[in-house]
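Each of the next two complexes has subunit A plus one more chain, namely subunit B in the first and subunit C in the second.
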Partner chain A sequence: MVSSFCWSCLTRLRSTPRAVLPPAVTAPRTALFHTSTARYAMPTKKSKSMEGPAKYRQAKSAKMKKKKPVDKVRPPPVGERKALRKRIVLSNPNALEVEGMQDISAETMVDARLRGSVLGLPVPMLTQLRAVEAFKPTQGWSIFRRPGTVVRRETLELGRLIDGISGDGQDKGKAVKKIVTGVRGSGKTVHLLQAMSMAFTKQWVVVTVPEPQDLVTAHTAYAPLSDETPHLYVQNHATAALLSRTVNANAQVLKDLKVSQEHPALKSAVKAGMTLEELARLGIQDPAIAWAVFQALWAELSATSAAPGFEKSFKPRPPMLVTVDGLSHWMKNSEYRTAEFEPIHSHDLVLVQHFLSLLKPGVGKSALPNGGLLLYSTSASNNPTIYSFEVALKQVTARNTGLSPSAAEFPQPDQYRGPDKRVLDVFDSPKPTNPKEGMLELQTLGGLTRDESRGFMEYFARSGLLREQINDEWVGEKWSLAGGGVIGELEKLGRRLRTIN
Partner chain B sequence: MVFILGVNFPERNLVQKSLQSFFGIGGVSSSRLLARFHIHPTCKVGELANKQVLDLTAALSDMKIENDLRRQYLDDIKRLKETGTYRGRRHALGLPVRGQRTRTQIKTAVKLNRMERRL
Partner chain C sequence: MPPRLNLFNARAAAPVLRQQPISSTRPGITTTISINRPTGHGVKTGLSSSTPLLRRWSSSNTGAKDIPETPKGPTEDQLPHVSEEAAEVSKIMDKKCDGTAASPELEQGTPISEILQRDKEAQKHMPKVMQDQIKSSTGTRSFSTSTRRNQTELHDQGKNIDEQTAAVMASMISQVNQQAEELHAGIKFDPVEPLPKTENFRTRYESLLEQFTKLLMEDGKLSKAQKDMAFILDHLRTAPPPQPNPRRPLLPGPPGPQLPLNPVLFLALIVDSVAPLIKIRQQKGIIGGGASVQIPVPLAQRQRRRTAIKWIIDASEKRRDSKFAQRVANELVAVAEGRSGVWDRREQQHKLGIAGRSNLGLARR
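Let's look at the complex of A and B:
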């Protein structure tokens, strides 16, 4: 800035002319061509505040205005807010219909040419998928015209597996057990959803536990199982809910199957010639016998032959898909308490125990005698950190590579970190003796490949959500931004709408 | 409406909250009571089985709560006064009992501490 002193005479110069200075901030900016009215106009009234001189004999303290009584509004009916929160929207009429999108079917689920494309979920199947709660409210189904999932490498493998188990080849009747892990947003839940959709196309029976957390947070009723086993607890309402999910989703299959075993626990309720659907409905109607009904249903579904006297109407049972989404909640103490106020371990809840016992090889026969798939996934977003579970998963991997548990390299828990022996025991399964039964595996989902990412992003573009030129360079950039093709991150990038003028 | 120990509770109330409305039952003892009869903490009064209500009532009637407990409190204060202890005197004078300063901030003691203490 120019100094205001004249260097030759050291006198003060006149102040800089107005025009050079930036306009005063305080003057109200109005029309530039005349300023007088704006200058002489009344100063704007200051907002009322505590500052400023007080008027004569006026209190200066903060006055608390009395609040007018708000007329009470009736709270919304019970369950309405939760229903709104948990609402699942599967369709968006504003999104464009993707032309030429194929549906999941017996042919498309094994077609390797479809890798990288998005397969729609058939509309009639949506009610079934809703019934087993395959969709989660946080997933972005509501931005597309209709729900669809991308076919990735793991999906094709899954398709072939399911096709093999229900086909007539050498894999027929095989029981495969997998724990699905992966980073956050890597598509574990959607992988389970794809498995369910394939299982429904193949007429399997699907049994799911969509929120394992709900069983251990002490939000549902519990009671000791019986006097003989005082340390085991049954959750009747949760069991009834499980039965109702199973029946609603699999009604078509269960209607065709008849009761083929003796059920001494349900002697009076079960009649000969009853379908399995009617059997399951008994438990839904009366939660007090829900656990016995569930056991009976399970015995029926895993029966390989009829008990004497029931042979006439016996039909071979279909394979089963069992999914649990978010396993680690089951690896710690539950919020329930015993009568002595000791915490109850999650493994002492019979429902949890039942699903975890399937991970072990069955005694005498396979855990799923008619074949099927166990898909238990971990969760990365709502996840308690459990040291023993982490070690147990490492042990599962080690056992699959052929390491014997006595080997030096076999991962062992650090005893000073208080490992939970019960958790380690659940995954500590010896090699199954039954040739039809697979060993427990750990499947880690990573990112999509670049080609699959491209197909996924094209789906966004074709739905009208993304206005970009989808080329390899652009996809490569997004692929890197998404941490190497993590599908949840790709979805965030895709739905962030940007318009080019 | 469900009667627990002669008190009528609306069905939408939490069992735990309802139990805590009794004088002498707080967070710990209500949780223990619930665990004893296998009632989960988010259970509503309406969801209780008949047997559980009877069990709760039986358990509550064995406990020293409500007027029995109040009477015990007052008896304790009276005993302190009659044996001539300092604490008893402080109760009677309406002053803090446990060594607090009395220069300021003794409104609560003035309000509550007396022979027939309000509970």
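Let's look at the complex of A and C:
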């Protein structure tokens, strides 16, 4: 297309006067008549690029900027984190109070109608139970208004047993020995707790070892017992802690009991007319004599009659409950070493030896002469696998069924797997001669029944923690999910709140 | 009413499409069609355009016949075998030798309508059905080509039939249902309700819980994050119920003292209460000169929650508690009580958003 302009027209066009054009971009924007702002303006920054030749004494190398030191947050004070980890909370004021919840008492612990319901632990007893370290931090006490436990079949049996031992019937003064096993979360520790609460109700003396592992992990001081027995070792501080637990929990009972025997090992420290509580406190104050004090206390508690000269203030001793929670740690070499740096077997620690010797029938008299209950439980979490212990437990079962150790069916250890003779010997207890002493039994805890599960889940719902309609179908579903009513799994299902509504 | 028989229809329709007008009316019909159908050429209508158009239609109607020929291979479409050819020839020759008239009419047959049309004598003797047909079909057009127009008119006639048949069908269905009910005395089980979302194990946690847990995660340690989440929920469950701040209330929900009993809901309320509605996008190049303007952008629910959770976790870093989960839990309670700085952050964000509303017009240009 041809332009409408002709060449001559274009050439005749004059250039536009300068004033009409917009000022060039490079020109300063300040007013032309005013120069001060331009002068006082900040000098333009030099470009920081490293291009071009270096000036005099200018570094050409790439400089790394130093990082500013970040002010480090101080770590929390020593022991705070452990205290937080080991903290035991027994009450949640936000949870609803369960109406009509009964407490464990002498009547309710044998009441078969209460099977499947949750019995609360009496509030005054909680300090005692805390003293014997019956509660573990991993248990879910903290979400309920107050701690309570389910009455299951084994609980009722236990209640009847404890009631019989402290009653006036034929079981009076009987010594029962049980090893409690079961899968993980099956309620072994809570079973021990229930036994403790019942024993406290019946004014027994409760002696516990809540963490057997602590005695063998070389975390407390140890020393050879004496020159006569160089292979035995005593742990004074652990013994003092044991005495402290026992005294704090059983102060009420021990205050009423007076010393009834001579204790030559303690010499003048023990005076006639001293209460057992005062005796035990000697060991707490001076851990060096703690083992001797513990032996003296044990002798006093298992005395059936007073020595001559002490008859005046003698009172019959109450039955005893002895619990150990997590037995298998005691079935191997401890972390302690001898002076020759040989490992020390757990059974060479006198404290461990003392509790294990109770499994054997007593010589001449019962292991627990005033009657009582020996409840040693295994643990399924944090548990060393010990072959000889497994075989020993099988042997215990076999012995209870009446098999003689010489029989062909009697379970024998595989010699190629290096069985520990000492472990097998601990549980190798023949039938006791004393009629008041029971044979060592093995009790396996399984799951709850569906009815008991329902009671347990209703407890969650009535505490306001579970928002479901509790019917048989729902409970059956959870029962199956919990591996056939394993109570630890049921508890997880009960507290796991998944939905918003 | 029985469907109307249309003897002309079936044969006549195809010739129309092939553009072989038999009667004088047909060209008109073709034009109507060409007008009705949208054509590619647009403006040109009428007979001039109908020819190529119709040809295209015929190709679609006759189907496989008019498929454009594809190049054939050397072995395809050979001449018939010599013997077959001989047989064909003999067949033709034999016919002639018959002595009968060999017209194409006799050989291939003629539609009877055509014969009747040109033979007035035969019309008198044709079957009564056909006579009736001719009489009754006066004034109505019987070509199927015009169905589109006629369908609306026919529809009114067919309504009665439809209603009748529908009633009959309904009665039949109800009868069958009755019989089925008599057979099965009752449904044994209630109908199964669809499972809630959280019943599937892949989505077993509430979506907010899952999102929060994964944002708590460090170094890909999900188990640790889940433990922390459990701790946080337990803390919300056991901590004293929040003292509500009237200036910074949580979203409407159950009253405060009931919140700890449902920690998941509590957590959701806290997070949703401080979740911002918008984010601010810094956009360059709208006003020129390298300056960026702030443009508010709306967030989806999941994005809002993510922002709020991030803020809460950030704010918890300043706390002095020894445990991470404890810090987050304390921060959550602080948010619930209106003490947390997260609220300020949200207000700041919204203020920026309001100021940036005017920039939305710039962004759109």
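What to note about this one:
We adopt the following convention: the second predicted complex is superposed on the first by the 420 of 501 C-alpha atoms of A that agree within 3 Å, B and C clash if a C-alpha of one lies under 4 Å from a C-alpha of the other, contacts with A are read in each partner's own complex, and residues count from 1 in each chain.
Convention: a contact is a pair of C-beta atoms (placed from the backbone, for glycine too) under 8 Å apart; a residue touches a chain by one contact, two chains touch by 3 or more.
Quick caveat, the model's predicted, so the values are computed rather than measured.
By the touch criterion stated above, A:123 is placed in contact with neither subunit B nor subunit C.
With both structures placed on the common chain, the touch criterion links A:112 to neither subunit B nor subunit C. By the document's definition of touching, neither partner reaches A:272: not subunit B, not subunit C.
With both complexes superposed, C is the one of subunit B and subunit C in contact with more subunit A residues. When both complexes are overlaid on chain A, the residue A:218 reaches subunit B alone and has no touch with subunit C. Shared-chain residue A:464: touches subunit C; no touch with subunit B. After overlaying the two complexes on the shared chain, residue contacts for A:143 are found with subunit C alone; subunit B is out of touch. When the two structures are aligned on the shared chain, A:76 is found in touch with subunit C, with no touch to subunit B.
Shared-chain residue A:94: touches subunit C; no touch with subunit B.
In the overlay built on the shared chain, the residue A:84 is in contact with subunit C alone; subunit B does not reach it. When the two complexes are superposed on chain A, none of the residues of subunit A touches both subunit B and subunit C. The residues of subunit C lying in touch with subunit A in their complex are 196, 198, 204-206, 208-209, 233-234, 237-241, 257, 260-265, 268, 320, 322-323, 326. Residue ranges on subunit B touching subunit A, taken from their complex, read 12, 31-32, 34-43, 47. Partner subunit B is touched in their complex by these residues of subunit A: 78, 218-224, 233, 335-341. The touching residues of subunit A, counted against subunit C in their complex, run 73, 75-76, 80-81, 84, 89, 92-96, 142-143, 464-465, 467, 497-501.
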